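Shown next, in structure tokens, is the structure this report addresses.
Chains: A, B, C and D, in written order; residue numbering restarts at 1 for each.
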Amino acid sequence: MFSADLLANAVVAGVLLGGFYAAVAIGLAIVFGQLDIVNIAHPAFVIVGAFTAYILNSRFGFDPVLVGLLAAPVFFIAGVLLYRIYFIAFERTGQESLSGLAFFFGVMFIIEVSLIMAYGVDYRLVQADYIGRVWSIGFVDFPLRMLVPFSVSALLTAGIYLYLSRTFLGSAIQAVAQDRLALQLMGADPVRIKQWAFGLGIATAAIAGSLLIIIGPVEPSVGRQYIGRAFAIVVLGGMGSIPGMFIAALILGIVESMVSTFAGPSWSPAVAFGVLALTLALRPAGLFGRT
Amino acid sequence: MKSTVFWGALATIFAAGLALTGVVQNEYYYNALYLILQGTLMAVAWNVLGGFTGYVNFGSAGFFALGAYTTVALNKALGLPLPLLILVAGVVGGLVGVGLGYLTLRLKGVYFAIATLAMSIVIETLVVNWSYVGGAKGSYMLTPDTHLWFDSYIQMLFVVMLLLTLAAVAISRMLNSSRLGRGLSAIRDDEVAAECAGVPTLRLKLVSTSVMGAMMGVAGAPFPYFVTFVDPLSAFNLFIAVNAIAMPMIGGTAHWIGPVIGALLLGTTQEIVKVTISSEMNVLIVGVMLVAFITLAPQGIVGLARKLRRGRPK
Amino acid sequence: MKFRILLAAVLTAFSFAVAAQQKPIKVGFSMALTGGLAAGGKGALIAMEIWRDDVNKRGGLLGRPVELVYYDDATQGANVPGIYAKLLDVDKVDLVVSGYGTNLIVPAMPIIMRKKLVFPALFGLAANEEFKYDRYFQIMPAGPDPKLDWSRGFFDLAMAQNPKPKAIAIVSADDEFALNAAAGARANAKKLGLNIVYDKTFPPATTDYSPIVRAIQATNPEIIYVACYPPNSVGIVKSASEIGLKAKLFGGGMVGLQFAAIQQNLGPLLNNIVNYDFWVPEPTLTFPGVNEFLAKYRVAAVGKGVDPYGHYLPPFAYAYLQVLGQSVEATKGLDHGKLAAHMQKATFDTVVGKVKFGKNGEWATTRTLQVQFRDVQKDNLEQFSGPGKRVVLYPKEWKSGNLVYPYKQ
Amino acid sequence: MSAELLRVTNVGKSFGGFVALDRVSLRVRAGERLGLIGPNGSGKTTLINCISGALYNDVGEIHFEGRDITRLPPYVRARAGIARSFQIPKPFRSLTVLENLQVPLEYAARGRAGARRATDEALEMLELVGLRERAHEDSAGLTQVDMRKLELARAMAAKPRLLISDEAMAGLSSTEVDEVLGILRRLNDAGITVVMIEHIMYAVMRFSERVICLDAGQIICEGTPESIVQDAGVQRAYLGA
């Protein structure tokens, strides 16, 4: 059952899927990769993004991606506030590692349960014209349901990459992680920079959430499925490297898609996380990390 | 706490548990107590690595499930009795714990935590694809007819769980307040400095991970008999992992009594909420309590009590 | 004081008031009100409350009012034994029924069996297979051999075609229900001598289904049998349409396609899919009382985050209590031995039609429907409230239309 | 007095492309007081990391009392008698000051500690560095100066033959520096070899019998304190030329 057609489509499907994974992981690449904050609640914010898209889509017919963009500033503010709490409670007192982790664990549950209380556990979906359409080039298909998330995610990744490398604030964010001295020389307050960066990371969750619900139905606890994957991608990508993160996301997507197509879909999680475990064991700095 | 007092307290609790089975028939209480004890055992286990040694394990549910599935597999293959199943489950959990311990050679902090998460997912996928133990379909465990001199099987399971939990508490106390415990604390605080002070960090970490794994395996071993139907969803329940972290964090991770206090508090609250309000609240309570405690009392209840006793807020 | 006695004496004339004063009959159960199965569980609870109100309006059972005592099991089996222990030992309920779903029925079995209670159960697939408990009664009309009967209709339809299809693909999610359904389909396929060209499972938490659908397509099956839960069903149907899946018969055991919100979202993509169901608003299935029940349900369901029409589970949640209630009235008491004996032999008139249990507590004959989606319009919820969109093809006595074959998109 | 305690042969270590140590060789005699100086980033700390085992050198060998310890883990070296303090104090923050000393006493010095109770010995050492009255306080709450003292006391508690002190005196007042020098001197009198890394030249000059200067991962000169001050290379390395 091996054929060029199948192979090509498996790779394309993997690339598209991986592109979407990148949207979920990019916020973590900033928050976890650059700031070393283990925001395990990030996927829960993605689900909030998905529900925002669902609500505005089902009530007013807004396009989910548009909702994602509109919601991003609100998420940004929420992220800033959350970071304030985190900073006051943990970073300032040097308790961030273990307690911080547990803190975000708790936040994740609070978000999840609040969503369940408000909307129940039913699966929610959105309507958009492009869902269900397909572009075909030769024998390779590009379902728009996957292509739109991929494209938005690629643009988002490119945007964040340019922002981090070309702007003053962006380089300040990178300096927070790598070079405190340079940060001081720039005259920037690390707490404000981190707060800004954390807000940025959470803002991407609004967009990732809108992409998630374009792809398939969402209920409040599906975010958990993405915790492992998102962290795996950030680690594989070399902690904080945005291009590395994107490539790692594509690799994970392609691996899952290939295993699904040629071996048996039930093995894809084990293979994906096997890749992660192996990388961690052999090259803890990730595939693209600084050694 | 003095040793004599400690052992006396353990013996008293165990005797009280036995006496309870003679007086109270009502099965509900044993069910509820069983779950609280299971939570306590898991919390104590998690704390051996997470609290004493400073390595966060997100994959507790994986170890718990290892124990549960050891029971399923061995019961099916050999029809072993419960005490033997518990023993083997402990060995299996301990061995996987040793494997986890070697991971600490290369992975610290968050990387380690993520690796445990990944490990749990890999184990789950293996179980899902292992049809002998029922795979994703799950597996039935018919309750055996014999239950020694107890009135019902659940009474016996409760006593078994009580015994296991008390044993775990004793081991945890031994690890905590000894030369070994100071070594583990040193590792938690600074691994390099610990090594340079002569602490064989790898060996101690292996002790820590294998004790944790064994305890969790033991905690999972009677579970199939308790629910009578195990599938990956129930055995790898995220809630198990969350409670195992939340209970010690709430109680206080530095001291052996911390996870016990946290587990009794949180576990009892959960059992009460389960039959009074809804279970959504149940999850919410864990979340809110966890966040509230670690932001307001990062050292947990034990730390809070200590601070109060010293009478000087810091 | 005198007045009150007088009043009471007057009121005894009215059975309704007697019911109100007498000690109620308590029916206890666990229900998935949170967690994975909550959407169904909440709908079932609404139906059960409607039954309670209906019964109490008519004067209760044996002249006593009926009270429901229930706890949320959070879709976690580990909670179930404790809940039933509490119901029986603390709340002292008179009767018990099961929660929703196999995983939540089975953990209750040991305690129920030990106390020898009658146990009407709600939607467990072959949950009594291991226990062989003679007081277990399953309201889901899977049939006497649940795993095989589940997909029997699907295969009968396929084999009635000319030429007979030869190659079949079976794909299922990695969960208890789907694997059992797939195992039944596999057995049926083997019995019929079909060539199984694809037989794999996938993780329930799959994001993109196109690699799976494509791998299936690559094996060129004529029939595709799918067993899975709602999110998987949505993903597979969407991927199948995007890829242009070619098969003669497609569907089978997809949970989720019975729910209005998902039907609305998938719309025309559903057309010509053949899938199982238990009750649809077709003229052949308008049993006495079902429309009245659904009307009440529809009102009660507003704003509760449950299926607005409630065709799939709620009528059966109502019916399993009907069975219990009718048995209590017939045996004039709460003796579980007598209740069980009655349930084993009687035929019950319920909102889901006549119910007769077989030896193992399953329906004596299967009524697992195979329905085909027809003329489904885009983005229209209302269309699913009435007949014509889900045509019953099987079993023959309930048939309301003919199969469109082969499957076209 | 001239028996060789430590021999470092051709030890090299690089991080990525950066060569931190470039084939360094040196010998330390038993009972010697050796000063190790050099500008920031010259490889001093890397060298003692390699000696104590916190890092493994890429090339070269390290012998301690004639035994090849190049591949041995740090705790074995600690038990063999190599103790060090850290430049940035790394107390065991969750333990009390006293417990901080118990760890090396119970591990590194185990078997060599004699029959006395570890707590008594620890208290004695705290007395020596002037932390006696803080014995039962949390080490996390100590001042910077006290942390440095604790760092030194913890190294002493390992009962070493070779004590490596990594900038133990940074930030101390001159009387405190003298105090620490006194402690080190007494330890040396008791037969413990001391390698001191220090930026405070006054301390190095006063304490050392011999001084080695590192720059850019290489030993640029070696000699008595007096001769070192005269050395042109040292002056260039320190003042930049």
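Quick note on the criterion: contacts are C-beta pairs under 8 Å (C-beta built on N, C-alpha and C of every residue); 3 or more make two chains touch, one makes a residue touch a chain.
Since the model is a prediction, treat every value here as computed from it, not as a measurement.
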Intersection of the contact lists for chain A and chain D: B
Centroid-based (C-alpha) most distant chain relative to chain D: C
By mean Cα position, the chain sitting nearest the middle: B
Approximate Å spacing (C-alpha centroids) for the pair chain A, chain B: 32
Separation of chain C from chain D, taking each centre as the mean of its C-alpha atoms, in whole Å: 75
Distance from the mean Cα position of chain C to that of chain A, given in whole angstrom: 37
Between chain B and chain D, centroid-to-centroid distance (C-alpha), Å: 42
Residue numbers of chain C (touch at least two other chains): 34-36, 174, 201, 203
Junction residues of chain A - those touching two or more other chains: 116, 266, 269
Touching residues (chain side chain B, partner chain C) in the complex: 25-28, 30-32, 35, 125, 128-129, 135-138, 140, 142-143, 152-154, 223, 226-229, 231-234, 237, 239, 271, 274-275, 278-280, 282-283
Complex interface listing, chain A residues touching chain B: 32, 36, 38, 85, 89-90, 93, 95, 97-99, 101-103, 105-110, 112-114, 116-117, 224, 227-228, 231-232, 235, 266-267, 269-270, 273-274, 276-277, 280-281, 284
Chain C residues touching chain B - in the complex, by the definition given at the top: 33-36, 71-74, 76-83, 85-86, 88-90, 103, 106-107, 109-111, 114, 130-131, 173-176, 178-180, 183, 201, 203
Touch list for chain C against partner chain A, complex: 34-36, 38-39, 42, 174, 200-203, 205-208, 210-212, 214-215, 218-219, 230-231, 234-235, 238-239, 241-244, 256, 261-262, 265, 269, 304-306, 379
Residue ranges of chain D in contact with chain B within the complex: 52-54, 73-75, 78-79, 83-84, 86, 90-95, 99, 102-104, 106-110, 141, 154, 157-158
